Amino acid sequence: MSTMTDPPKESFKLGMLIYDTRYRSITIQIVALIGFLILAGWLINNTINNLAVLGKPIDFTFLRDPAGYDINQRLIDYNSQSSHWRATVVGLLNTLLVAVLGCITATVVGVIVGVLRLSNNWLVSRLMTVYVEIFRNVPVLLWIVFTMAILIETLPAPRDFRGEDPEASMLLFDSVALTNRGVYIPEPLFSRGLGDLPILPDTDSPACAIPEDGGPVSDSCGMFQISLDFLLIAAVFLAGLYASSKIRQRADRIQNQTGDRPTTWYLRLGVVMIPTLAVLAILGFHLGMPELQGFNFQGGIYLRNSLIALWLSLSLYTAAFIAEIVRAGILAISKGQTEAAAALGLWPNRIMSLVILPQALRVIIPPLISQYLNLTKNSSLAIAVGYMDLTGTLMGITLNQTGRELETVLMGMLVYLSISLAISAGMNLYNQRVKLVER
Amino acid sequence: ATLDDVKARGKLNCGANTGLVGFAAPNANGEWEGFDVAFCRAVAAAVLGDPTAVEFIPTTGKTRFTALASGEVDLLARNTTWTFTRDIDLKFEFVGVNYYDGQGFMVPKELGVSSAKELDGATVCIQTGTTTELNLADFFRANNISYEPVPVETDNEAQQQYLAGACDAYTTDASGLAAVRATFETPGDHILLPEIISKEPLGPLVRHGDNDWGDIVRWTLNALISAEELGITSANIDELSSGTDNPEINRILGTEGSLGEMLGLEADWAKNAIKAGGNYGELFEKNVGETTPIGLARGLNAQWTNGGLLYSPPFR
Amino acid sequence: MSEMSAQREIDRSHMQVSDEVAIQITHMNKWYGTFHVLRDINLSVHRGERIVIAGPSGSGKSTLIRCINRLEEHQSGEIIVDGTELSSDLKNIDKIRSEVGMVFQHFNLFPHLTILENCTLAPIWVRKVPRKEAVETAMHFLEKVKIPEQANKYPGQLSGGQQQRVAIARSLCMKPRIMLFDEPTSALDPEMIKEVLDTMVELAEEGMTMLCVTHEMGFARQVANRVIFMDQGQIVEQNEPEEFFNNPQHERTKLFLSQILGH
Amino acid sequence: MSEMSAQREIDRSHMQVSDEVAIQITHMNKWYGTFHVLRDINLSVHRGERIVIAGPSGSGKSTLIRCINRLEEHQSGEIIVDGTELSSDLKNIDKIRSEVGMVFQHFNLFPHLTILENCTLAPIWVRKVPRKEAVETAMHFLEKVKIPEQANKYPGQLSGGQQQRVAIARSLCMKPRIMLFDEPTSALDPEMIKEVLDTMVELAEEGMTMLCVTHEMGFARQVANRVIFMDQGQIVEQNEPEEFFNNPQHERTKLFLSQILGH
Amino acid sequence: MSNTHYVRSEMLPEQEPPAATTGAIGWVRENLFSSAFNSIVTLLALAFIYWLLAQALPWMVSPTWHASSLTECREIIAELGYGGACWGIIRERWLQFMFGFYPKELYWRVVLDFILLFVALAPVLFTHLPRKMLYFSAIYPFLMPWLLWGGTIWNPVMAALGFVIGYLASRHLAPVLGNLAATILAFVLPVIWWIFLSGPVADGIASILPLAIQSVESRAFGGYMLSITIGVVAIALSLPIGILLALGRQSNLLIVRSLSVGFIEFIRGVPLITLLFVASTLLNIFMPPGTDFDIILRVIIMVTLFASAYMAEVIRGGLAALPRGQYEAADALGLDFWMAQRLIIMPQALKISIPGIVSTFIGVFKDTTLVSIIGLLDPLGLSRAILADAAWNGLVWEIYGFIAVMFFIFCFSMSRYSMYLERKLQTGHR
């Protein structure tokens, strides 16, 4: 037996930085950090030098200058005298608009196609496969350009609606016009409207300038205006939904107690619809029909071709991926689950809603959300069809007119990054909530 | 200095358009052709003695200035409008004007419009990334009429939209309009409106600060213009370069004086430049003139002696 | 295969076989594509009978019992369950499925629902039983399979034996008159097999009509009225358990038994 | 648990225990987070000793032997292997790891390499042995574990027992002076357990110092000098095998043995 | 209860299934007309297909192959009274679509390069091929740029020499200097070699022994050749970077991990087009004054960074699929971190990741169309340039259709291949 001795008190040696596991990791990290800082410093130093040579120090004041160009689709007030900053916001809103619309459509189409690919009708499932393969294997940019070309070439021009015996006519009782400039649909108007609520007063906005005659500032002064009519209707509608959900809860209770589920759909429909309709009537709701006047249709809501092309192509492209995700998600739920449910006597629709979907969703949603992310990022290809999104305004015309590449591109990247991070944060939250409980 | 770089490289890097009818486009053999392209070749011939010693670097409206500023191209010959801010704020040097243009409108005849001021409420196609957007906004604002801009990336897409009736009017530089109209199936169904809403002096540009290089490009352009004025053509240049009675011709062709040396080039620099594709008039006729499908008239781009604006300073 | 350790004396008093026919199969044939899986099956099961089906792998045992509650469709012949003929008529299928409970080899519990919800789902949605009542029934059967305390856990948190017992309870909650078992113990660890078999013996004691595909010969001896031996999609031999095990007639049966018991 | 069928008389002539200490553990403690897995472990192993470690699941057996070759880090106390103290010094760790071989429950062979490559990898890259020599050694040990003919197959093509023997050969190729085994047979089918135990017995006969976590009591009886019983992270009892099995002292040991042997 | 006993006397033979359930009729009935609803759907689908073909076919069948300008083409169509597509432009320009402005007489180099690419990939993708072919795979990364860009052979040789130096350092310095120092030197020495020595040495040797082929500027690259070059180079370069990033992301060193995560999430969070803007407008600003990469090189850098972030995630998936036991076994055998990675972990993780790598490649390849937005002449960019030719100005569908079909063929065959691999990896587990 060896005798026990006290371990010799080690003194710190330089070699320990490398060979001692306790210090080694710190050493590596510090080396990594220094390496990173050197690289970053080098890049920044180069940038500063280069900018000095070019005579363009980093400077964001250009954002306050008037933009000078017009944007056709603007969700907030904007004209060519507004600032570049405002043009950026207009672009960002356009980006968000097409992203949200695209995600919704892509999901709907993707789910339908994904389910149909599993159809027992050979022809249908084959057609869906063809759709998925064609869309997945051709670049999205090509689809965007394609869709735009199709819209332009196949739909009638406004001039075709003109004349004694027009070549084209409006649809749905003259309320919808499909033209190669876009789609005009009726817009909601209120003859006794409540006006707008400006929020975020924006001193840049021309509307906020104090009129020369010293009169009051126009009431459309604000970064955004929200229609009070819309707020009121939404509030009433939501209240109706709330009441309806209460009715459903009552039905659930009754079912729990007696086993029979009372028929409530008409009650629920009524509780939602009647107050909403009443408010609409009070506000003097009517539809503003698009009408051919001058060069264009006037009135109505105008969905420009660029928006439609981008929206359609992004949705269809992403839907092809979503279809695969949905299909894989459903297939991932083993056949045993369906059989067990069928053996219990559940009907196919109930099997789907009670057994398959709740499980499939857990598999589907995470990749689905990353498709949303892709769609949002792909929406930056809007410039290919002249849709004025963030890339078109800030990183497009603004960059080009002001020559501020560094500032605009960095800002643009930052905005996209924040959108992406927000979406992924949402996804992580969801993932944590739905984890299956395991041993 | 740029000149040394170019000589060392043996090639001129010339920023061109990614494709604009008559001004720059690759042919089936992959060779670039067009009016701007021909100017680049002339510069290459002047500097290196070889009109084919050019690399064409396609640039878009967005990338062109960066390409020039970063030194990626030695010269930008891409119908770029000479403006104050580009000259001063963006720190470039325009060496002259090789095409006087102005922004105009094209509309279908059947629209029944005879003036741009009647375009209230019209949908107008514009190419983004140029000065046209700003001019358009200013024009409609000044006349207090409304319009709907439809921005498009390339000339091609603009044509497509315009022909399909997705826009009522197409606005770009008048030369571009004429060129585009020429390729239509029925050019006669479209008219150019009389208003020219802007001045668009298009010219080659180089980086600020390298004056020697700027001089070479400027005087190559001037040599081409002077050559037309003095009747030097690619056909008679060899004959003329054996000596003439006109001292200016002799100076240009390097048989008299030492202009080439002053520029740091060979004595026959201008001769090479002119021989590359011909004088200004020849280049114009060959690429965009009335005999081509594009069919542009000389108009403002005629020599001053013919009532145009082309006016080269004297070679002396 | 683990023998049941305690061959306890079971109470056979309820295990009366009535004259009433619960399942009647005549000249039933089934193909998968061109492959003839079930060939001219004739079988009648009386109410209260407990039948064990044995046979080599691929002989069509699973297919047979899956045909009985129409998880598979047969192509010719007749299957009458509780007086209702199985045809493509959806109403008949529904009726039969709510009369016939089925327990699978891999349990097939719904992993996103708690044990209790697994058990109440079908009664509530198919039988339209009030939730309160459904919960009571479920707790009753969970007690019977001896895991009432797990009611609020998720299937993933239970051991295999516990999961299989939940699966049995889930079927029982629909108050079926016939139970089908498809190798209920073959995916389980040896310690857990006993728990499940005990539960099944208890069910048998209460007089449930049972068709059970299993290789647990101890179980067959203990509770079955009849053992059916299948090979190549046909019923090759059937007999009372003692006779079947001690005195097999057909060559195939002998071979099979020698393999399975000689182990 | 399968008893070893042939309790053959083994040759104990080599199995001498020297006075030299191979492993010395003093007052060693280890925590996972705040959970105290190993509590004041004191153990010295002499060269040539064969120690079996037993104990209920979760008692810290694996953790203990994983500490010995620093797959886990201990937080206090001292572990001296072959005179080298296990500290955070990488050189010591490397030295000890090449002295100590380890065999895992799940073999952990490298599936993308052939058996031979599995065995020559570490000698070539760690010991810098010429390839030819490494191959020779590997074949030697593969013969010893009786599967030289499998040398060019991939692990996936072998049975579990063969894989485990390869894992042993792989460790031996590094010529370790001490071997650690962590339940080497518990992932195997009963038929294969014997093959692996035979190999281990042979190793023991040659006088290898061995620490073996196992529940194979036949093996323990046959080769161990000492059995160590652990519970709740502590060494509860240690004794010579005969004494340990026939005359356990501690309550826990008794309970454990009754469970494990009464089965 | 009496008929309990039964023994079959003779076994039944297998019989044919009822006629209606097999054969073509059975198939049609089961797959197309199994219910009234299904029949309606089938008819609707047929009608849709008919409509689609009726629209597209007459346009496509257009004998305009020999037209040499749009006007000529229009005349032909007007004469025939049917058709609509002008295929002449494809005949005239398809070589340009394939090779861009690459010198005609050197096309063989490009073709050879891509054939060799398959030879180099073969041993990686098909494991039953002789292992010796892997040597060629190792040489290929140096051969490929040389064939494409041309120039002296000494440049690729010197570049390869850097790796040899690294290898020798790690192999032979370890016994002298210890493992860590050797590892560090194995990284540092090649870098020093590449930055300071390889250029002059290459020039030196080239002046003595000028082995060179005609060099081609990257500006001459265009069309599909450009797309494939960007795609292949970016994927190949992104592999090592992706591996390092994946390891960094898995590491338990906080700073290393945060840097990796930061990089990966940043790149994945912004659209590729913004990265291309950086390439076209900013990259030169970040570099020391006077540096001038050509734009294709800059694009390749940015696309590589982009692909690396995605690659890192793919490889992370492969790493996560490896059982912990593999790490522990490597540790227990005394392999150090890098050895374990190189010999044990990466070979397995990469193999698992191949399908993911292929789909990343498809994604990158499709995304190369974005370079047209910054003025590079990939097929899409080229189509715009070509349409600026006065002879063809005004065509759209023929060209977009051609580009789309080509992309479809490339991507579809690759995605099928990756699906095949996925299946093989799932089932063919040795």
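Which chain is which? They are A, B, C, D and E, in the order written, and residues in each are numbered from 1.
Note that a contact is a pair of C-beta atoms (placed from the backbone, for glycine too) under 8 Å apart; a residue touches a chain by one contact, two chains touch by 3 or more.
Computed from a predicted model, the values in this text were never measured in an experiment.
Considering every other chain in turn, the ones in contact with both chain B and chain D prove to be A, E. Farthest chain from chain D (centres taken as the mean of C-alpha atoms): B. Each chain's centre was taken as the mean of its CA atoms, and the one lying most distant from chain C is B. For the pair chain C and chain D, the CA-based superposition corresponds to a rotation of 165 degrees in steps of 5.
By C-beta contact pairs, the most connected chain pair is A-E. Of all the chains shown, the one with its CA centroid nearest the global CA centroid is E.
Centroid to centroid, with C-alpha atoms defining each point, chain A and chain B lie 42 Å apart. Averaging C-alpha coordinates per chain places the centre of chain A 52 Å away from that of chain C.
For the pair chain A and chain D, the distance between C-alpha centroids works out to 59 Å.
A separation of 88 Å divides the Cα centre of chain B from that of chain C.
Chain C has no residue in contact with two or more other chains. Multi-chain contact residues of chain A, defined as those touching 2 or more other chains: 18-19, 54, 149, 153, 383-384, 399, 405.
Listed for chain E are residues 277, 281, 284-285, 373, 396, each touching two or more other chains.
Pairs of chains meeting the touch criterion are A-B, A-C, A-D, A-E, B-E, C-E, D-E.
The touching residues of chain A, when paired with chain B in their complex, are 54-55, 68-72, 80-81, 148-149, 152-153, 156-160, 179-181, 293-296, 298, 304-306, 383-384, 386, 388, 392, 396-397, 399-401, 403, 405.
Of all residues in chain A, only 1-2, 4, 7, 16, 18-22, 24 touch chain D in the complex they form.
Note for the complex: chain B touches chain E at residues 17-22, 24-30, 55-60, 62-63, 66-67, 70-72, 153-156, 159-160, 163, 179-180, 182-185, 292-294.
Taken together, the chain E residues at the contact with chain D in this complex read 175, 323, 325-326, 328-329, 331-336, 339, 343-344, 347-348, 351, 429-430. Taken together, the chain A residues at the contact with chain C in this complex read 255-261, 334, 336-337, 339-347, 350, 354-355, 358-359, 362, 436-439.
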